[in-house]
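Below, chain A partners chain B and then partners chain C, in two separate complexes.
Right after this comes the complex of A and B.
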C-alpha cells in the first residue's frame, strides 16, 4: 500500500497523528534538528540531514523516573512512575537509525532481561522511516554502508517514506504500518508511477555511497582482542580524546545508564540517567579503586565494546555508521578511522 | 600573514629539530583527521610522527588543554596561537607547568575557522588576538595592522538585560545542556581532579540533564574560571547544543579587568587575580 502527500502539507499529516497519540518528529533547534514531542503541527521539519541526538531517546529517555519514595516509610507507599502508553509515532527516522533499534532490542528485550519501559514504548510506537535525500551529498562522517545499511533501506520501519520532488511517498512495510496507513485520511492514494518511483528509489539508495571498508565481524572482533594490550596503539588513538560524553550521548546504540537517587528533605525519586564509559567516574568502584583511570583505557573500552565484545556476545556490531560520534566530536576523533587503523595494527 | 602551508612547514621543521636534538620528548600540535577539514589535536613523539603534522584554518584547538596530561618535568614543545599562549601563561602562573620545561612554538594567525560551522573565529567568541603573547620560536610573521573588535563588544546585548532577564536567559540556555561535560574537558583551565561535579561525597548536583543540576554545574564552573579564563572559546565550540558559554566568561573577565586592571594569562610575572592581594585593589564589590 502506497500513499502520498505534498511536503508543504506535512503539518496536516502531523495534526492527524497528534489526534491519534504522541508524535515525535524532527524539529529545528538553534544548533540543528532534534526529535521532539510535537505540540504544534507546524513544528515538524523534514528539511534535515540527520538529527544531532539519535532517536533512541524516544524509547530510552535521557532521564527516566522509576519511583517516588519517602525515607522511613514502608515500601507499600512507594509510588511507581506511570508510563504514558498512548500510541506514539516516531516520524522521519533515517534508515541507519531504524537499524539501531534492532540492536538496542537485544539489550532491553531479547537478552533475557526485559525492560518494560523500553518494550512498552516500542510496542506503542509506529516508526516512520525516511530515506536520505539522494540528491544531496553524503556527509563525510557517515559510514553506514560499512555496516551493510543503505540510504533508502525500508527494513525495520513500519511505514517508509521517500521524497519525490515536492511530495512525500509513504509505503506500509509491516502489519502495523498497513493498519495505520488507511486511517490517515489526509493522504492521497499513490499511482503506479509512484510505486515505480519508490522501488527505484530504494534500489538507488544502494548506489548512494558513504565511506566503506570490508568488515568481517570475526576478523575485527579477533583483531581487537589481539591488540588489547598494545598500549602504544591505544595511546596514540586517544591522544586527542578529551574524554567527554558527546560520542556516547549522540550514539544510537550506546545504552549505558546509571541509577540515581535524588533525595531532598526525606523525599526522593529513583531514576535512570544516561551514563558514558568516557567519564572518569563511570568505573569508579566503592572501594575507591578505578580500573580505567586513563583516557586510552576508556576509548579502548568504547571501541572494543562496539566492535569486539558485542560481536562475541550477541553476534552483531553495535554500530550503525550514522556518523554522529565523528560529526559532533569536539576534536574530530573518528571511530571509522580507529577501526581501520586497528585492522592494520 | 604567513600562509598556512608555510606555517605548517615551519612547524614540521622545528618539531623535527627539537625531537632530534632531544630538547623535547613530545610536540603538541595538529595532526591529520579523517579529512582535510577535520584536523585533530596531535602529539608527535618521534621524528616519523612529525610527518602527520598539519596546519590549516581548521586547527582551532587549544593544545594547552593537553599539557597537564604529561607528568611534571616532561619536556614539551607546544604549538600555540594567540589565545592558546595565554592559556600556557596562565598554567605557568598556576604552577601546573614550568616555563623551563616548555618550548613554545608561536603561531601568529588570523582567519581560523570552526570546522563544524565553517564560521571565522573572531573576537565574538574569543579574545580576538592574532599574535601569541609568549613564545620561544615564532613560526610566521606577526600580524599587524589588522583591526580587531574588542572581545567585549559582543556583551552589549547581554549587558542591556537586567538581573531577572539574565537569570531567565541562562535558565533557558542551561536547560539545553545534556551534561556531556565537553566544555570542561575542552577547557585548558579545567584541570581539577576530581571535578566537583564528579564527586559523590558530598554530591553537589544530580546527574540528570536538567535544572537545578545543570545550573549548579555551569554556575560553579563559570565562577571557578573567574580571572582565569583566557577567552579561547573552546568551551563554546565543543558544546554540541550551542550554549553561548563565552558570554558569561567574557562578562566575568571584563569585570576582573575593570576591578583589578589585569587580564588572565598575559604575563608569567602576574598572579591570578583571585589569589593575589594588592592594597590598591578595587573595593567595588564591597560597596
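Right after this comes the complex of A and C.
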C-alpha cells in the first residue's frame, strides 16, 4: 500500500497523528534538528540531514522515572511511575537509525530479563522511516554502508517514506504500518508511477555511497581481542580524547545507564539516566578500586564493546555507522578510523 | 519481583543485626519479607547476590550470606564502605536498627554451580570479608538433606587478625564437626588466639587435598587470590576446577546498564561465579 502527501501539507499529517497519539518528529532547534514531542503540527520539519541526538530517546529516554518516594515513610507508600502507553509515532527516522532499534531490541527485549520500559514503548510506537535525500551529498562522517545499511532501506520501518520532488511517498512495510496507513485520511492514494519511483529510489539508495570498508564481524571481534593489551595503540588512539562522553550520548546504540536517587526536601524520585563508559567514575567501586582510571582504557572499552564484545554476546556489531560520534566529537576522534587502524595494528 | 518490574525493589524488614568484627564495620543483616508472596518468589541458591535498596541513598549489590536451607529470611554481610569513596548505602544500612525497612531486588546472578560440584570433593580458600557467599555454600552443603551429595569438604579461611574473622560461632561449630575439615588461620594472632597463624596461601599449601575429583573455590581479597591460585595450580588443579566470584561496580544487576562488563561478559548476569578457565578467555579489565 502506497500513499502520498505534498510536503507543504505535512503539518496536516502531523495533526492527524497527534489526534491518534504522541507524535515524535524532527524539529529545528538552534544548532540543528532533533526529535521532539510535537505540540504544534507546524513544528514538524523534514528539511534535515540527520538529527543531532539519535532517536533512541523515544524508547530509552534520557531520564526514566522508576518510582517516587518519601524519606522516612514506609515502602508501601512508594509510587511506581506510570508509563504513558498512548500509541506513539516516531516520524522521519533515517534507515541507519531504524536499524539501531533492532540492535537495541536484542539487548533490552530478547536477552535475559526484559526491560519493561523499552518493550512497552517499542510496542506502542509506529516507526515512519525516511530515506536520505539522494540528491544531497552524503556527510563525510557517515559510514553506514560499512555496516550493510543503505540510504533508502525500508527494513525495520513500519511505514517507509521517500521524497519525490515536492511530495512525500509513504509505503506500508509491516502489518502495523498497513493497519495505520488507511486511517491517515489526509493522504492520497499513490499511482503506479509512484510505486515505480519508490522501488527505484530504494534501489538507488544502494549506490549512495558512504565511507566503506570490508568488515568481517568475526575478524574484527578477534582482532580487538588480540590487541587488547597493546597499550601503545590505545594510548595513541585516545591521545586527544577528553572523556567528555558526547560520543555515547549522541549514539543510537549506546545503552549504558545509571540509577540515581534525586531527593529534595524529603521527597524524591529514583530514575535511570544515561551514563557513559567514558567517565572515570563509571566503574569506580565503593572499595576505591577502579579498573578503568585511564582514558585509553575507557576508549578501548567503548570501541571493543561495539566491535567485539557485542558480537561475542549478541552476534551483531553495536554500531550503525550514523556518523554522529564523529560529527560531534570536539577533538575529531573517528571510530571508523580507529576500527580501520585496529585491523592493521 | 515486585510488580514484575525488575527495577523496583520489594520491601523487607531488618529482623536481626549481628556485629561481626572488632572494628564494627562489618555487620550481618537478616531481612524478613513484608509480603509473603515476595518471600516465595525469592528462590535463591548460594553464590547469588541481591541489590540492597535504600530510597534516597541508592542501591548496593551484595552477595547473599544465608543459605536457602534456612527459610524465612535472607542474610547479607555488609562492610561499611566509605574510606575512599562515599559508600552511601552501606553507611545508611549500618546506621539502621532492627525493625527498619529497606528494599531488596533479586536474587541476581548465577549461583555456585551445585550440579558441577555434586559428587566431588570441595576445597574452599577464602579470606576476610570475601567469605560471605561461601558461608552460604557451606551451610547449604552441610545441611542434612544435602551433605551426602558432596564428597569431602575442606575449608581454609583466614583473616588478618582474630577479631576480623566472620561468623565466629559457626567457625567454632564447623571445627567440631567431622564432615567438614576446617582450617581457620590468622595472619597474626593475639593473646586469646590459640589457633593457626599464617596466611591463606601458606595454609593451602600445607593442607589442601589432592586435585583428584576435587574442585577448588577461591574467594578472597585480590592479594590473597593472586598468591593462592598458584598454590592450587602447583597441586595440579586445572583452570576448569578452580572457581571464583568477581566483583565490578554494578547498578541494574540484570545485565542491562552496561556497567560491569569484563570483555563480553556482564559480571552481574553472566557471573559473578566464573572458573579460571572462563576468566582466561576474557581481557584483564577488572
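Following the convention adopted for this analysis, the second predicted complex is superposed on the first by the 345 of 345 C-alpha atoms of A that agree within 3 Å, B and C clash if a C-alpha of one lies under 4 Å from a C-alpha of the other, contacts with A are read in each partner's own complex, and residues count from 1 in each chain.
By definition in this document, contacts are C-beta pairs under 8 Å (C-beta built on N, C-alpha and C of every residue); 3 or more make two chains touch, one makes a residue touch a chain.
Values in this document were obtained by computation on a predicted structure and should not be read as measured data.
Partners chain B and chain C, brought together by superposition on chain A, fit side by side with no clash.
Residue contacts after overlaying the shared chain place A:336 against chain B, while chain C stays out of touching range. Touching more residues of chain A than its counterpart among chain B and chain C is C. Here the vertex is the CA centre of chain A, and the angle it makes with the centres of chain B and chain C is 90 degrees, a multiple of 10. Contact with chain C, but none with chain B, is seen for A:111 once the two complexes are overlaid on the shared chain.
Judged by the touch definition given at the top, the superposed model places A:6 against neither chain B nor chain C.
When both complexes are overlaid on chain A, the residue A:308 reaches chain C alone and has no touch with chain B.
When the two structures are aligned on the shared chain, A:75 is found in touch with chain C, with no touch to chain B. Looking at the shared chain after the overlay, A:213 reaches neither chain B nor chain C. Legend: residue contacts after superposition of the two complexes on their common chain; A:244 is shown touching chain B, with no touch to chain C. Shared-chain residue A:85: touches no atom of chain B or chain C. When the shared chain is aligned, chain C comes close enough to touch A:225, but chain B does not.
Closest C-alpha contact of chain B with chain C, superposed model: 5 Å. Where the contact sets of chain A with chain B and with chain C meet, they give residues 258, 260, 275. Within the complex formed with chain B, the residues of chain A that make contact are 29-31, 52-53, 62-63, 140-141, 239-240, 242-246, 249-250, 258, 260, 262, 271, 273, 275-276, 279-281, 295, 326, 328, 330-334, 336-337. Residues 3-9, 11, 34, 55-60, 81-85, 87, 90, 101-103, 247-249, 251-252, 254-259, 261, 263-265, 269, 283-286 of chain C touch chain A in their complex. Within the complex, the chain A residues that touch chain C are 66-67, 69, 71, 74-76, 78, 80, 107-108, 111-113, 115-116, 225, 228-229, 255-261, 263, 268, 270, 272, 275, 277, 282-288, 291-292, 297, 301, 304-305, 308-313. Put simply, chain B touches chain A in their complex at residues 31, 33-35, 37-43, 61, 65-66, 69, 115, 178-182, 185-186, 194, 198, 200, 206-210, 234, 237-238, 240-242.
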